[in-house]
Amino acid sequence: MKEDFFPVLDAELVNEISAVRLVAFDFDGVFTDNLVLVNEDGSESVRCSRSDGLGLRKLDEAGVAYCIVSTETNPVVARRAEKLGADCYHGCADKLATLNELLAQHALAPEQAMYVGNDINDLPCLTSGVLSVAVSDAYPEVLDVARYRTRRPGGYGAVREICDLVYRIKTCG
Amino acid sequence: MKEDFFPVLDAELVNEISAVRLVAFDFDGVFTDNLVLVNEDGSESVRCSRSDGLGLRKLDEAGVAYCIVSTETNPVVARRAEKLGADCYHGCADKLATLNELLAQHALAPEQAMYVGNDINDLPCLTSGVLSVAVSDAYPEVLDVARYRTRRPGGYGAVREICDLVYRIKTCG
Amino acid sequence: MKEDFFPVLDAELVNEISAVRLVAFDFDGVFTDNLVLVNEDGSESVRCSRSDGLGLRKLDEAGVAYCIVSTETNPVVARRAEKLGADCYHGCADKLATLNELLAQHALAPEQAMYVGNDINDLPCLTSGVLSVAVSDAYPEVLDVARYRTRRPGGYGAVREICDLVYRIKTCG
Amino acid sequence: MKEDFFPVLDAELVNEISAVRLVAFDFDGVFTDNLVLVNEDGSESVRCSRSDGLGLRKLDEAGVAYCIVSTETNPVVARRAEKLGADCYHGCADKLATLNELLAQHALAPEQAMYVGNDINDLPCLTSGVLSVAVSDAYPEVLDVARYRTRRPGGYGAVREICDLVYRIKTCG
């Protein structure tokens, strides 16, 4: 495999990722390119990557839990989550409250969770003490606070990239 | 935050933006990438950015009114406007007449309104004395008359960019 | 207007375009990016540019006829043609036969017609004596025989570009 | 035709391609860009290239068999295969078992078949002794084992490119 297949990470970040037992993903802009197809009857569709499914299966294998936390009310979020076999909390007015409930439910400290986001409504979660990750095309305010940035943009393999990274560190040391 | 997060604007343009109390947006090519998905039953769908909603909420916060003015007859324009909570005038044969009615309705002078467009049917509005804005991928005739050009192309965050800019100038001085 | 708004054309090509009274367009890859969205019920959708409508209106104004000639059997071609107000011949097993019928019907010599295509099934029409145009992302075999290549790729304004060019030459000399 | 129309292939690869009598294609990421449009009712759509149909007709002409082998359970794979006139095995939990059955059914040795893939679930097929091809945007693990890489990415003409290549070698020497 090529040497540059994964980025060289500093040892501290590797340690932080090693501690992760739950990954909470924002949906729009992370699983998608942040675009929405609006049909003339008002129904919505979003574009996701087939590659994400294989990524989540790696998290299963590594024993890392994951879920989707979204403010979006449209049921398209839940439909994609079902197909991927991911827990889903959508229509969340307060994403940080949901994240904190998840930590309590899994009995995890913030540093045992990772949160992946792209826009300013992710800032409360990203700055709550969890390992913060921004997709490469996140808004500047989000990139500014993120501990790690993906190479791939949202919707084009960013989720898979994170899963591959966590899997590799959790299983290969 | 990065220094180049917002463009450096000349003082006169900042003054002009400060005066804006209404933003009128064209729809296709501004909220969308100017493409349309045509289904075999003739129904249409367009692709919009999830990021625009947070932008319009900032205009609400800054007390700036906004609406969509489109010549397109397809109801997809109205469906997107509803989701965004934006007033919508679509199927407008004469967009300038609609813009002038809006100015009268809000009791505004032209220089208190901004108009955002991308194609030649926006030229009458753009040259009517309002603050004229073109998305970065507008047609050359439109770019030629625009007082300001967005960095982002239509459908990929141009609306959000304008909202962020207006919000920042109206609220931060 | 910017000097480079239109390409500099040699005088002979300007003369050839001046003679055009009918433009026959292939559909997929010309009005679209040559992609098709396939739904799980087998229905199809294609992506077109809103900008093409304003272009065809310019051909109306210049008194130049136009039509769509496609081998594709799916009715999505006809649906788009209806919206654009364009005559449409789809499901054509022999596009050259259709083109020749059109020339006879309009009583035109081949050099009074332009044909716009992108793939190898357009070669018979493109090499039949009409003014041959390829979209910028056409297949190499098509680019090789085309008298003129658009700047924009199919589905992203290539049709509008051709209409603007014909209009300008027919009306401005 | 331009000299660089086809890549210069080493003589051994030309010989290997000459031996091919069956091409087995993965679907997502090969016929598509590996993205999926998820509708709010949970139905799925994928984006394919119109150019692939003309490519498969060339394989027909060259007497080369082809089929689609996919793990995806959604019927959209079968719908696209029907339109293209391609045999389709989808919902395959074990793609290598399906490939081996196909070889037995056609009475072919592995080196008489080509397999085209893009992701890690294609690795068993790609390393089974057939002629292995990766689309240009395949995952690194796939690119690493592929005997040949296409120039075009999945969904944007990769299938057509492979068909053109096989046709040219099988029919022109």
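Going by the order they are written in, the chains are A, B, C and D; count residues from 1 in each one.
One rule holds for everything that comes next: contacts are C-beta pairs under 8 Å (C-beta built on N, C-alpha and C of every residue); 3 or more make two chains touch, one makes a residue touch a chain.
Just so it is clear, the structure is predicted and the values come from calculations on it, not from any experiment.
Annotation of chain B and chain C: not jointly contacted by any chain, touch as defined at the top. Interface of chain A with chain B: the two copies contact each other largely through different residue positions, with under half of all numbers used appearing on both sides. For the copy pair chain A and chain D, the superposing rotation over Cα atoms measures out at 90 degrees to the nearest 5. Taking each chain's centre as the average of its CA atoms, chain C and chain D sit 31 Å apart.
For the pair chain A and chain C, the distance between C-alpha centroids works out to 44 Å. Shared interface positions of chain D, defined as residues touching 2 or more other chains, are 37, 45. Contact topology of the protein chains: cyclic, one closed ring where each chain has exactly two touching partners. By the touch criterion given at the top, residues 1-2, 5, 37, 43-51, 54, 74-76, 79-80, 82-83, 155-156 of chain D touch chain C in their complex. Taken together, the chain A residues at the contact with chain B in this complex read 28-29, 32, 34-42, 45, 72, 119-121, 139-141, 144.
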